[in-house]
C-alpha cells in the first residue's frame, strides 16, 4: 500500500494569494493513498524541507507530492530532500501550481480548483512511479583522435598535456594534414611549416601520444566511456620501428614515376618514399602499385640498400583493437573536385591551378623549390588571375551551397605574397564578396589592395579559354558594368572545401549525425559546438564546418577540454529516466534504433522459454543506459509497445491524462 | 495591364526567383552577346526584382540575346537570366498583338547571316 | 454549435516538452501572461514522447482539445525529436480529420523557452477556438461522462 | 492459369524431393471451389490438394514468421502483394530469409468471394481464367467486376528472390488507388463522420483485420495487454471502435504495404484499407512517394524526417 | 393464419414497434445485422442471414453489470444491469432459433444467468422460413427444418406475401393486436414449405456424417493428428466465434471511468491467445490446441454433457466468414465418420 505525502507550498503570497492552499491540502488529503497533507509558507526553505523529511520518517512515506513552483525550479531540491530522508529521489512529483496556476489566474475559486486537479494529476503519476537509480559506468582513460591534421594534433596535445593517453589515427602516411602543405599563413604570414612541425614533433615525442599513420578505423562499438575500436594498420612494407628515415632507399629506387600526392601531383616521387622532409613519423613507405618488387618480383634494390633491414615486401594489413573513453573526430577537409566546372578549364589547361596547388608552387619545399613558375613551361607568370568562390555558395548542384570561409583570406594572402616577391607581376582577383571577419583580417585584405596594388574585380568569370598562348579570362566587372577579358599566364581557382569523404563512414560507425553537406552535426549549434549529439564523440576542426587555422586550433582545444572533463571522471552517472525494452513484447524490428539520436539501442538474439520445455530465440532490443538521454522517440516509434521510458512511462502519462480529465 | 501585374507574369513565366541571385555577374561574364546589349543579363535579374519592367521592355537586349542559355548554365544559384529575357520578350510580343510572325513565313525570311541559334529560338517562340 | 454551460467548461490538455515549451509556459507564468484555467499542462521530456494513444485517451476521458507543444524544429534538445513528432502528429491529425473529427480540436505549436508571450497567446487562441467548437462529441466515451 | 499451377507444382515437387526444402507453403483446395485455404505441404502426396487459381487471395507472407523458426527450409509462393509484405517482414527482422526459398508467382487479380456470392454463385464447379476475364460456372465476368478491391488498383511488381514463375504480362490497374480516399476527403467533416460512424459501428472486434495483417506481428498486441492502458476486448463504447481502428492504422502507418488483407477478411465488409490508404496517401503527398515493402533496407517515413517537413497545421493546405 | 403483402410490410413494422421494441435484420454500411426498428433504417428482412446471429439480443457483445462509484476514499456499488422491456425479435431463421435452445442449456441452468434470462423472458420471436437456403447451410445435419422454424410466431414468405402462424400464447396475443394483417390461406404456405424441403436436400453439406462425434471417442478424437493440418491456416481471430449463434464464452472486465469503475461482460473467444488467462496464462498454448478446443466443444464435449445435443446448428456463418476458409464442415468431413 502506498503512503503518499502531499506538501502544498504557499510561496509566501505568490501561490497563497490566488490559491486557497489550505483547501488544496485538505481536498488532496482525501485522495486514496494520501496519508498526510500539509501546507507551509516556503516549502523550499530549510524548515519546509525539514517538514517533508520528518513526515517521510514519521509516516513511512513511499512517495511525495509537492505542490509548488515549476519543477524546473525546485524538483532537484525536493529530490535531494527526500533522498536525505531515505526516500528514492524519483519518488517525488511536483505539481506546478505557481507558474502554471497562481501566477496566471486571478479568480481564487478557479485557481484553487485547477491546483487541486494538478495535485491529483501528480498523485496519479506518483502512484505509478518506481524508484530509479542512475546507472554508473567506468571510463576508459584513453582518447582516440581520428585525423592527424592541425585539429587532431592540437586536440591530442592538449589531452596528453592533461595526463591522458591519446592515440592519433591518420589515414595518410604522415600527420600534418592540409596545413603541412601550406606555404604561409594569414594574417601574420608566418611560415606554416615553422609553426606546425614543432607541434608534430611534440606529438611524436610525447609519451602519452601514440601515432598510427596510414591507418583507418575499421569498426567502433560501445558507448561513452567504453568504446571498442578496431584500427586497420595498412601495410607500408617498411618496418616503422626499424626505419631511420635516412632516405637512402629513395635515391636507389628505379621506379620514380609516381605522382607526388604531397605536392598535389605537381611532380613525381619514387615507389619508396617519405612524404616530405619533416614527415612524422619520418619513415619510408612503399607504394605497392608502383613498386617493381611487389608488382612483378623483380628489383629489391631498396631492401639491399637499407642498412637496418626495415623493408618487408610481404607486410600485411594488421587490425588492432583498443579501448577508449572518448573519440575526437578531426577528419578535416579536401578541396572539391572541379570536374563540374568546365568553364574555368581546370582539366584542359595545365596553367589553371587550385589554390592548394599554388601553395605548393610557392612553397620552398615544393616542386619548384619556392620559385613561382607555371606548371606548363616552368616560366614565371607575368599576369596571374584569381577566381574566388569556385564551387562555394553554389546551389545549382555543381558545387556546395555553403561559404567555404577561408578562400577570401588565402587569396588575399597569395596575391599579396606574389606582389611582394615578384613586384612586376600583375594580379587580378575576381570576387563576388570579400568576407573578412576576424581579428586583423580586413586590415590584411585592405593591405593587399592598398599597399600591394592587387586588382580586385567585383564580378565572376564566365569562361577561360586559350588564345595565342595566353589564358583568356572573360568575366564581368560589375562596378564598371563591362565585360572584361584578361589575358593571363596563370589562373588560380579558390576551390570550395568539403569534408573529408571518409567522414561519412566514420560518422556511421560512431553514430554521430551528419548534415546534408557531410559536416558533422554538433549537439547544440550554439551551446555545445564541439560535441556530437552522441555522448563521448567530440568534433574538432573542419569536419564540423569550414574554418581557418586559428578557429580550428581554438575548437580543437575546446574539444580537448571537453574530452579531459570526461576522462577525468572515474565513473559516469547515467540519466535515470532512460528507455527500456520489454523483452517479452519486443519483436526486434529495429524501428527504435532508426529514430534514436544517440545510437543507444542495439539488438541481441536471446533465448526465451515458451513453456512445455520449449525455447525460442528472438532478436530483442536492449537500451544502453549510459547512452540513452531519455527523449522517448523510440517509445512512440516502437510498433509493439515494448519500449517505455522510465519516469515518463505510458501508464504514468495516461494516469496524468485521466486525472486531469476527471471532473 | 498594370505594371505590377506584368512584373508578376514575367516572374512567373520565367520561373526564376530573382532573390536567389547573389550578384556575382557570372552570367554577364559568360554572355557572348554582352557587347551588343544595353541592359546586361545580370541587370535583367535585378531590374525585374526591382520592378523596372518598362526599361526592360524597351531594351535592345531583348533582340540581341541569342538564347544560348550560357548564363543559365553557368549560374551558381540556379537563377535563369535568359528565361527572364525570354519572358520579357514574350510580353512585348504579346502586347504587340497582331504583328506576330507566323512560323510558316519564317523560311522565306532566312538569309545566311542569321545565326542558327536565333532560328531555333524563333521557332520555339513563334510556334506557340 | 452547442453552448457550453458554466459547469461544463471546456477541458484542454497540453503536452509540453520539458526543455522549450514547458519552460515557455513557466515564462508565461512569471510574466503573469494569463490564459484560461481550462488548459492543463502535462510535462513530457520531448514532443516525440507524445504517443497518439495519449491524445486519444485524453479525448476519451473528456478533453475537448489537445495541444502538443515542442521546441522549434531544429532546436530540439535531443536534436531530432520534434521532427519525428511533427510527422506523427501531421499524420494523426489528418486521420482524425478524415474520420470527421473537427480538425481544430488538435494542434501542434512550437514554443521556445523564451516565448512566454507566444505560449499565452497560443493557449488563449486555442481555448477560444475550443469554446467555439463546444463539447467534444465525436471522440467521447460516454462511460467517462457522468 | 492451369499451366501456372502445373509449373508451381513441379517446382514444389522438385524442391521437396531434392531435399532443398522440407515444406511448401501454398494454397489448398476447398469444399465449395472458392474456399481455398493457406496450407503447409510436407510431402509430394499432400501436394495433390495444392491449388493456385483466382481464389488464392490470402497473403501467405505472415505465416513465415512462425514457419521460419522451425527446422529446415520452406518453399513459399508469393504473389506480388505478398512479396511486398515479405520484404517488409524481412526489413523488420521478422523472417529468417535463409530458411525460405521464395518463388514469386504471377497474379492477375484474385476473386472477392463476397462479390461472387452477390452474383449468385454459391459453389464453384468450374472456372476459366484469362488476364482480363474470368468465367465461373459458365458466367463471364470482367476482372474489374469481381476481383478483390485491392486487385483492381494493384500496381505492384513481381519481386524476384530465388525465382519467378510467370507466363502472362500483368494486368494494369482498373482504377486509381486513392479514388475513394479522395472522395472521402472531398466530403464535409459531418459527412465523413457519418460515413465512418456507420462503418465502424459494425465492427465486432473479431480482430481478423489485425491477425491477418502482415504488419501486425507483435508478440502481444496493446489491445490484449492489460498493462498497456488501452487494452480492450469489445467495443463497449462507440469510442472504442474508433480508438481501435485509429491505433491499428497508425500502428502500421509507413509499414503497411496496402496488401488489402484487412478489408478482405472483415466479416462486416468494413473498408478498413481506406484508413491505411489515407496514411499512405498523406505520406506520399507530404513526404514523397513511398511504397512499403518495395525494398528491405530503406527507412520508413515515420522513422525519417526532413528539416523542411510541413507542420501539422499546414497538413490541410492551410 | 394471417398475412400481409410485402409491399405493405413497413406498416407492420410500425405497428409492432408502437407496441413493443422491434428488432429485425437491418442493413447498414453494406452489412445486415439485427437492430432496433426506427424510422429510416434499411430493413433487410429477406436477407437469409445476418452477419452476427440473433444471440445478440439475449447475450449482447458487451453489457454492463456493476458500477463502482468512488469518491475520495469511499466506494458505492450500483447495479448496472439494464432493465428488459418486452420486445419482438422478427426474422429469426431456423438455425438461430435452434441456437436459443443451446444457449438456454448454458445460461438457464442453475445458477441461472439473470441477465440472459430477463431478455429471454421478454422476447416474442417471429421466425422466418428460409425460402432459399445457401450452399453453406447444413442445419439439417443438426435436425433443423429451415421450412418450419417454431417460434412464437412462424412467418413464411410466399411470393409477394408474408404469412404468419402463431405457435404459442405469446405469439397469438401479439398477432391478435396487429390490425395491419389480414387473414391468409394455409395452402400456399404448405407448398412453399415442401419446396424448401426439396431445396434443402440438394445442398452440398446436407449429408455430413456426425457418427464419430461421441463421448466415448473423446480421447481418440482429441489425439487425432489431423488437427494440426486443419488448424494450420488459423489466424487466431475471433470471427468464427463472434458470428457463431451458439458460442457463449465471455469475459468480465473493469473499465475505469472518471468517477470509479464500470464492470461489464463482453464476448470472448477461445480462439484468442488471451482466452481464459488463469493464474498466468492461457492453458492452451498453441493455435492448434485452441482450434481443437472450439470444435471439440461444439461436437464432442457439449453433446457429452447435454444429452447428445451438439452446440452447432449448421448455420454456415463460419463457412462464409472465416478469413482463411477454415470451418466446421472441414472438421466434420475429416473426423466425423464416413465423409
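A, B, C, D and E are the chain letters, set down in written order, and residue numbers restart from 1 in every chain.
Keep in mind that, in the parts below, a contact is a pair of C-beta atoms (placed from the backbone, for glycine too) under 8 Å apart; a residue touches a chain by one contact, two chains touch by 3 or more.
The structure displayed is predicted, hence computed values, not measured ones.
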Checklist entry - In how few steps can one go from subunit A to subunit C if every step must land on a touching chain? => result 1
Checklist outcome for this item: Intersection of contact sets, subunit A vs subunit D, gives C, E
Checklist entry - Comparing A-B against C-E, which pair counts more contacting C-beta pairs? => result A-B
Checklist entry - Which chain lies the greatest distance away from subunit A when centres are computed from Cα atoms alone? => result E
Checklist entry - Which chain's centre, taken as the mean of its Cα atoms, is farthest from the centre of subunit C? => result B
Next on the checklist: I'd like to verify one number: the distance from the centre of subunit A to the centre of subunit B, where each centre is the average of its C-alpha atoms, in whole angstrom.
Outcome noted: 47
Checklist entry - Rounded to the nearest whole Å, what is the centre-to-centre distance of subunit D and subunit E, using the mean of the C-alpha atoms as each centre? => result 30
Next on the checklist: Need the CA-centroid distance for the pair subunit B / subunit D, whole Å please.
Outcome noted: 55
Item to check | Centre distance in Å when subunit A and subunit E are each reduced to the mean of their C-alpha atoms | outcome: 68
Item to check | Of all residues in subunit A, the ones touching two or more other chains | outcome: 595, 637, 650, 654, 658, 661-663
Next on the checklist: Where in subunit E do residues touch at least two different other chains?
Outcome noted: 255, 258-259
Checklist entry - Using the touch rule from the top of the page, what pairs of chains touch, sorted by label? => result A-B, A-C, A-D, A-E, C-D, C-E, D-E
Next on the checklist: Give the list of subunit A residues in touch with subunit E in this complex.
Outcome noted: 30-32, 610-612, 658, 661-663
Checklist entry - In the complex of these two chains, what residues of subunit C are touching subunit D? => result 52-53, 56-57, 59-60, 73-74, 80, 83-84, 86-103, 106-108, 110, 138-143
Checklist outcome for this item: In the complex, the residues of subunit E that touch subunit C are 255, 257-259, 262
Item to check | Residue ranges of subunit D touching subunit A (in the complex, touch as defined) | outcome: 69, 91-94, 215, 217-220, 222, 225, 227-230, 251-252, 255, 299-300, 302-304
Checklist entry - How about subunit E: which of its residues touch subunit A in the complex? => result 70, 72-73, 256, 258-259, 281, 285
